[in-house]
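First chain written, first letter: the chains are A, B, C, D and E, and each begins at residue 1.
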Amino acid sequence: MITLEHYLYLSGVIFTLGLCGVMMRRNVILVFMSIEIMLNAANLALVAFNKFLVANPPGGVSPDGQVMVFFTIAVAAAEVAVALVIAVALFRRLDTVNVDDVANLRW
Amino acid sequence: MIEMQWLILLLPLGAAVLIGCGLHRDHKKAAFLSLAAVWGAFAISASSLPECFAAGPGWSITGSFDWSPTQDHIFTYGFLIDGLSQIMLLVVTGVGGLIHIYALGYMKGDPGFGRFFGFLSLFMFSMLGIVVADNLFQIFIHWELVGVSSFLLIGYYYTKPSANEAANKAFLTNRVGDFGFLIGILMVFYALGTADFGLMAERVDRAFLDTPMFEVGGAGGWLVSNETFLWVAGILLLMGVMGKSAQFPLHVWLPDAMEGPTPVSALIHAATMVAAGVFLLARLFFIYLPSETALTTIAWIGAFTAFFAATIATTQFDIKRILAFSTLSQLGYMVMAIGLGGTDVAMFHLTTHAFFKACLFLGAGAVIHAVHTNDIREMGGLWKKMPVTFWTFLISTLALCGVPPLSGFWSKDGILHLTHHPPAYADSWMITVLPTVTAVLTSYYMFRLIFMAWFGQPRDAEKFEHAHEMPWTMTGPMMVLVALAVLAGWAVLPAETIETFRSITRPAGASPFEPVHLDLSTVTSALGIFFLGAGAAWLAFGRGIVNPDKVARALGPVHALFYNRWYIDEIYDWIVAKVQQNFARLCDLFDKKFLIGFLVNGSAWTTRAAGAVTARYQTGSIRTYVFLFLAGVAALLALNL
Amino acid sequence: MPIDTTQLFAVFGTEAFLALLACAVVVVDLLWGKGRLTGPAEMPRLTAGLGLVAILLHSLGQSPESCAFGNLDGFALFFKRFFLVTALFTLMLSGPYENRLRAGRGEFPALLVFTTLGLCLLATVNDFVTLFVALELVTVTLFLLAAYRPQLPRSIEAGIKFVVVGAVAAAFLVYGIAFVYGATGSFDFAAVTAAANTPGGMSGALTFGLLLVLVGLCFKLGAVPFHVWIPDVYQGAPTPVTAFLSVGSKTAGVVLMMRLVFTVLGPAVAEWTGLLAGLAGITLLMGNLGAIPQTDMKRFLGYSGIAHAGFLMMALSVHTQDSAVSMLFYVVAYLFANIAAFLVLVVVSRTEDNADMTRIDGLRDRSPFLALVLTVSMLSLAGVPPTAGFFAKFMVLRSAVEVALVDPRIMALVVLSAVMIVVSLYYYLCIVKRIFMREATDTGVLEVSGWTRGLLLLCLVAMVVLGCYQQPLVEWATTGARALF
Amino acid sequence: MEGQVVEGFLFYLFGGAMAFFTLATIFVRTPVYSAIFMILSFASTAGLFVLLDAYLIAIVQVLVYAGAIMVLFLFVIMLINLRSDELEGLKINPVMVLAAGTFLGLFSKAVADLGPAVSSESNALVGSPGLLAETLFTEYVVPFEAVSLLLLAAILGTVVLSRRSGDG
Amino acid sequence: MAFLQAHILDALILAPLAAVVALLLIGEGNRVAIRVLSVATAALTLLISIWLFFVYDQGSGGFQFVVRHEWVPSLGIAHQVGADGITVAMVMLTAIVYTAGTLVSWFVDSRTKDFYILLHALVAGVFGVFVSLDLFFFYFYYELAVVPMYLLIGFWGSTNREYATMKLTLYLTAGAVVALVGLLMVYFSGLSAEPTFDLLVLREAAAQGGLSSSAQQFLFPILLLGFATIAPMWPLHTWSPGGHAAAPAAASMMHAGVLMKLGSYAIIRVAMPLLPEGAVVWLPLVAVLCCFNIIYGGYVAMTQRDMKFVVGYSSSSHMGYVLLGLASLTVMGLDGAVFLMFAHGVMTALAFALIGFFYDQTHTRELDDLGGLMQQIPFVGTLFMMTAMASLGLPGFANFASELLVLVGSWERYPIPTILAIFGLVIGATYLLRMVKEAFLGPRIERWDGLRDASTLLERAPFLLLLGTLLIFGIYPAPIVRLIETGVVPLIDTLLAAESALGH
């Protein structure tokens, strides 16, 4: 039987993979994509939690978790837009999208 | 009512203050003020003399005010004029006044003339404060003030490095003495619960004899027997005396102090200040009285100083230094006399010594003034040029050597008499022999001086030509002093006056001693001692029969020891320059390297380095940042989940 | 479920006005800013400023109110006003700076208003969904503002770093919210409070979720090790943005942390003392040490901000009412000091937008007034009387010592903070040293406009007055903090 | 019983696909491929959403996420036209992997103690768009408005930043 | 007038603060106005302090002129000022040094305005500390006094100034922070029913039994550590000599003269009355450490070649006597300690003023470079010599009178430290005389022929003011001793009661 834990572990693995992507990819676009993967994992967890909530109130379970996913997706969209415009600006100005090349502000 | 006696202190103080506040620029006014002050003080002191002699022992005039009143103890400042201080007052103001006059001539033309008289007045104030002090703390205050006046006067020629060195040496040596002195004061003060001399004398018996054990430094301090307590306290107080009266081993400053102008040497370092120690011992005799150990110690220190200084005097060439060592020696006599219980004799010798030694110094000053050298090897034959000075000098020398019937005979033989019949606690053949040998040495070195400086051929023709007799301002005081030196003996005084003098200068409890009688044996022995010493000097320096250099060579190390003042200065120099200075450097090193360098700067450096290291983690690389972020998350979770 | 719009407006009036204002600024910009209508180029900024003033006045008239969507209590009101003032100051601060922008001049105030909107919303939130959205509103607009001068490599770099770390933080936040939701079944703060305070209610999932939420907030506040973005972004971002980041964004973290710790966790926070104290300690340590070797003013102020976050975290770890009051006082003190410092920086960095420390060398001789303001600001940051910063630190320490007497962890923290106060004084004094004891390397004329001068004077007076006469602010802060309990 | 088997099969299918495509996204060298794998990964997620009765979300996932957002990514990738060979590849740092692993381990600890609000039994929640919409527009009206403003601000900001006429 | 009389202590703090504000408004170029205003302010505080000296009712003692303004009631903070005998003495000291300092600084030509602003701010802090009867403001003013010094030394200073001033400021702040933590612990310790910073309430509570003795023994060392840093007690003294040496004349005067006294004042005012049993237990440690101050400080002073360093180390040596007096737990010892704070403050201010005077011309204070200055600058030289004499404890100067009280007072309880302290007098004489000799005496050095002596009244006034103070209270200390004792006696009563309660 597929339980909540299954979904959660899947979500956790995906989240961690996203994290690894953020830390290990050089291409800033890929870094952003990895972040999207993390958010996606969170969405999965939200939806899964929503599904497995104990139906306490008489009116059943409200789809709060799914609503949250809406917001997450919207926010992610905005974030991506902003991130990408900055990436483009970076490319225009410095001719690179390698995160290792943007390490001049330090110490 | 405010007592007139306050003026004794206020006059010199006022003079000093006025001179200090600007009058020093006007030499005449400054000198006048200073003289007026000292003679005014003399007059006031003298005014109570008849009353004092009439009333006999137990007479006193007192007055005091609260100087620093605290709940625990009210420090007072006052005066106590009893027989002892009465005599001392007269000596100090009288001799002091004469020397003031002498200084008018001696210091004539000196750019610091006004300043000099200011210092003299300051000194008079300080010294008189010791004399009239009615409590221990006041005496300590003036003890210090005398020290500083002496410092100022020794270092009067402040452009001369040697004078400054000497002044510092004098001050510091005295400070070392005062170190013990103050501890002694504290011990006695807490043991008796008072610093007032009158009350102390009343309480001393009960306090010490009825309490077998003492706690030094209150509860938790050391528990000592009253005998030990008294001995320790007595020795500590004696340290003050050693400092001021230049007793071995704190004598080193006095010969160097001759760097000061000669009137200063005469006033401070012969007649008055150095006698303060003796005076103090007489003042505090009641403390010593219960402790024979302390008295013995005093006697030995005095006897040794007397001998020791005399040996050194036999080899010196600087006229003032010879006199200085002679002073040391004589002070040793006085201290010894007190140790043997003879305060009255000591005070008497103090008085007579003040006269003739002051006169000797003034004479020496005149010589120096005339020939511009201190070295007796460069003098010679001066008696023709400076007859008045010569005669006063000679008579004073005779007085010093104890030739009857001059005053020195009476006082010194009194002491010698004491040493021949010492009290049981100090009974030792050494205590008899040492002073006698010292007396022989005294005649020897004084006549060595006389022969070398005054007789024979002038060794330095130019200087000899330059020599001349002194103006009356200088010779006058010398003549007065020599007259006193001649007359102050008992020969010319009525018996009852002598008796009064003895009784008033003898503290309660001290048993009186036999006066010196002018009988054949005494005179013979006195003359014998004199001729022994003077004759030896005559042989070597008068007639040249014995070559002193050969003797010196024959004596070898002994001569070297004497000539180098028993190497005491060298030892002290070593202690100061090596031990103390190195310890100071060690402290400095500890401060600079460890406290500042290691702890303070070290922690600052560590912090800055830590800052630099911390900032290095901010690598600028995004992946590091995300990693750190994740690491933070993992750590948080690991610690709290 | 019907919505009572009157009540909704009573609670969210400020936000509504801000939204309108943001749109208005955009419109004004379109009309005037792009040269289509003749008028001063400052029109958008003026509009935003006047609007903010009006909204501030409106907010001053508001009284505590609450509805299902949000909770406008005394605490929220305090911070709304705080954010409005901050925004206003930043707007004034950006005046001298704006001339350097050739593009986006009009949008700058608009974005600022959007950020303020998010900040104000944050003060009112009582559920995690709104929290997340409002926080992202703040963060995303700040991403944009940080990279607002894409022609400057520094600015882009700041933007990139901010975006990456900020998005990761957001991901953690969402993930945490998801777990909180899973553990309690609701996004409401009240549900968490209930769950956390029932025996055994603090499940692993809830802890996990709350910790990740905490991480997301630590990111805003700048608590170590979630501070990594701060120095770089502060250094790279345009100076007014840095100022806004340092005050507004950080305070957003403070507000939410306080809500989380004091309200959401409630009594259960006692279990978090060690955690918070640990974070506070390491933040104090890293912030203060890191500030020492800095040579760029903005970066320096970034580290200084981390150090201050440490102090705020310390108050948080104490979690008494007194400590809450002290945090409110602290942020106000910090506001004035930082605004003053950044304003001076804007002036001295002149056209180059270079905040290297050599810029302030010899400032005393170039402009005594600026020197005075910057010095007082540094002293206030260092916590030296008679400045507001002193009293702020005093209050934090005071509240901490009370608990330290019974809790050795807090005692250790107090000791560390005492050491760090000294360390911080060192690096602030180094700035003072530059102002007074160095020769100026830049001899250009410093233009200080009337507005700038006025704002500087205001900050100066505020710093000194709040340092000497603290009672009114303490009272406000007490009113505000009381709402949390 | 049969439903459970089917559910299990579908979970493993979508879940496996999601994990695989995610891995591929991260590990593949060429950004364009990455983007495509990511779209596939998101699509698999949408499948999981369907399994969880979140139909509307699943649609949104496909339309907005996989559709709009990923297309945006693709656009940018094209725009930048990467010289992929020099940029690509992973910089695998064992410490980072360790940290990620630790995180996963701790995550599993949290999953092991989920608390009373959830049960292993799924509830009868039906992801009808109506219910979702009602909740969204009543209970979540404030964040909804806020998110709209967020999007507006983002648009405004991106417009400014992408303007070519810079300020130098 | 009655109002003014009641608020006289407030006026004391406000006067320099008003001067700060006024100076901020005066143009920088108007140097004459700046100087006159500054000197006038200082003179005003001097008059106030003298007036206080005479109107303080010694018969009734205790805290007088108490004025209380509620400040932050919720935290128990009130601006409360008041003065007992100790306060009056310290206020006099401050006013005297302040006046002399403003006069000495008359000739500061660079950034005159800034200089005076900082000086006034510093003095306001110092006055504040002395008159505060509220722990919060006590600390507030204390920090206020510390920080202006940073710039005073940093900009107008000399030798190694940036290092010295940073060290000094950080060191003192570190001490202050420790003290603050300690004060807050006392505040929360339950000494008073409600936590309050009101010193009068706290003192009353402490006298009524106070904290448990274990709590007192825990808290006292914290306060001691904090306050002893500025005292400065060995081994926390290293900020002081360097700081003094680097500071400009007026700053050294304020610093060594007044600021350093804040530490021991704080111990007397706060630590001892609030934690009497703690004090009884811990003061023996102070008695031991103060020996290091005296002996070690003296020996280090002996090796210094820079005159200000000599005086600086001598200051830390002298503060050892103050600490010894504090530790003595006798009326006499404590009288002496407070009196010595006063005397040393004036003396060391004079020393720094004089050194500053010729340093402005010679630009060196190295003893190796100087010599024979008495011939070129006899007035300064004479005064310096007198200062040295005062410093080495010569009767006639207030230092002697106070040191005597300390030594006599502490003998019963601490004989060995007292003996060492007396030996310290010997060491003191050694280095002070050596310094005087090497700088002022000896043959003329032509290099210094151009030196100008203090010849105008304006130049001489500050020196004479300070010297006169030393002499007046040295020759007749009874008035000030009586004054100080009104504050000391109740304190000692409390401490002795605590001691018997502890069963020592």
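As a convention for this text, contacts are C-beta pairs under 8 Å (C-beta built on N, C-alpha and C of every residue); 3 or more make two chains touch, one makes a residue touch a chain.
Here the structure is a predicted model, which means the values were calculated and not measured.
Touching chain C and chain D at once are the following chains: A, B. Looking at chain D and chain E, the chains in contact with each of them are B, C.
Distance from each chain's C-alpha mean to the overall C-alpha mean is smallest for E.
For chain B, the chain with the farthest CA centroid is D.
No other pair of chains shares as many C-beta contacts as A-D.
With each centre defined as the average position of its C-alpha atoms, the distance from chain B to chain D rounds to 102 Å. We define each chain's centre as the mean of its Cα atoms; on that basis chain C and chain E are separated by 42 Å. Inter-chain spacing, taken between the CA centroids of chain B and chain C, is 77 Å. The geometric centre of chain B is 37 Å away from that of chain E, both derived from CA atoms. Within chain C, contacts with two or more other chains are made by residues 129, 132-133, 136, 140, 143-144, 147, 150-151, 160-161, 164, 168, 179, 182, 185, 204, 207-208, 231-232, 293, 426.
Contacts with at least two other chains are made by residues 91, 93, 96, 100, 103, 106-107, 109-111, 114, 116-118, 139-140, 143, 147, 150, 153-154, 157-158, 161 of chain D. Contact of a single residue of chain E with at least two other chains is seen at positions 170. Interchain contacts (touch definition given at top) occur between A-B, A-C, A-D, B-C, B-D, B-E, C-D, C-E. Residues of chain A that touch chain B in their complex: 19, 22-24, 31, 99-100, 102-107. Chain D meets chain C in the complex at residues 106-107, 109-118, 138-143, 145-147, 149-150, 152-154, 156-161, 163, 165-168.
Residues 4, 7-8, 11, 15, 18-19, 22-23, 25-26, 31, 34-35, 38, 41-42, 45, 48-49, 51-54, 56-57, 60-61, 64-65, 68-69, 72-73, 76-77, 79-80, 82, 87-93, 96-97, 100-101, 103-104, 107-108, 111, 114, 116-125, 127, 131-132, 135-136, 139-140, 143-144, 147, 150-151, 153-155, 157-158, 161-162 of chain D are the ones touching chain A in the complex. Looking at the complex, you find that chain C touches chain D at residues 1-3, 8, 12, 15, 19, 22, 26, 68-70, 100-104, 107, 110-111, 114, 117-118, 121, 129-130, 132-134, 136-137, 140-141, 143-145, 147-151, 179, 182-185, 195, 201, 203-209.
Those residues of chain A that touch chain D in the complex are listed here as 1-10, 12-21, 23-27, 29-30, 32-34, 36-37, 40, 43-44, 47-55, 60-64, 66-67, 69-71, 73-82, 84-89, 91, 97-98.
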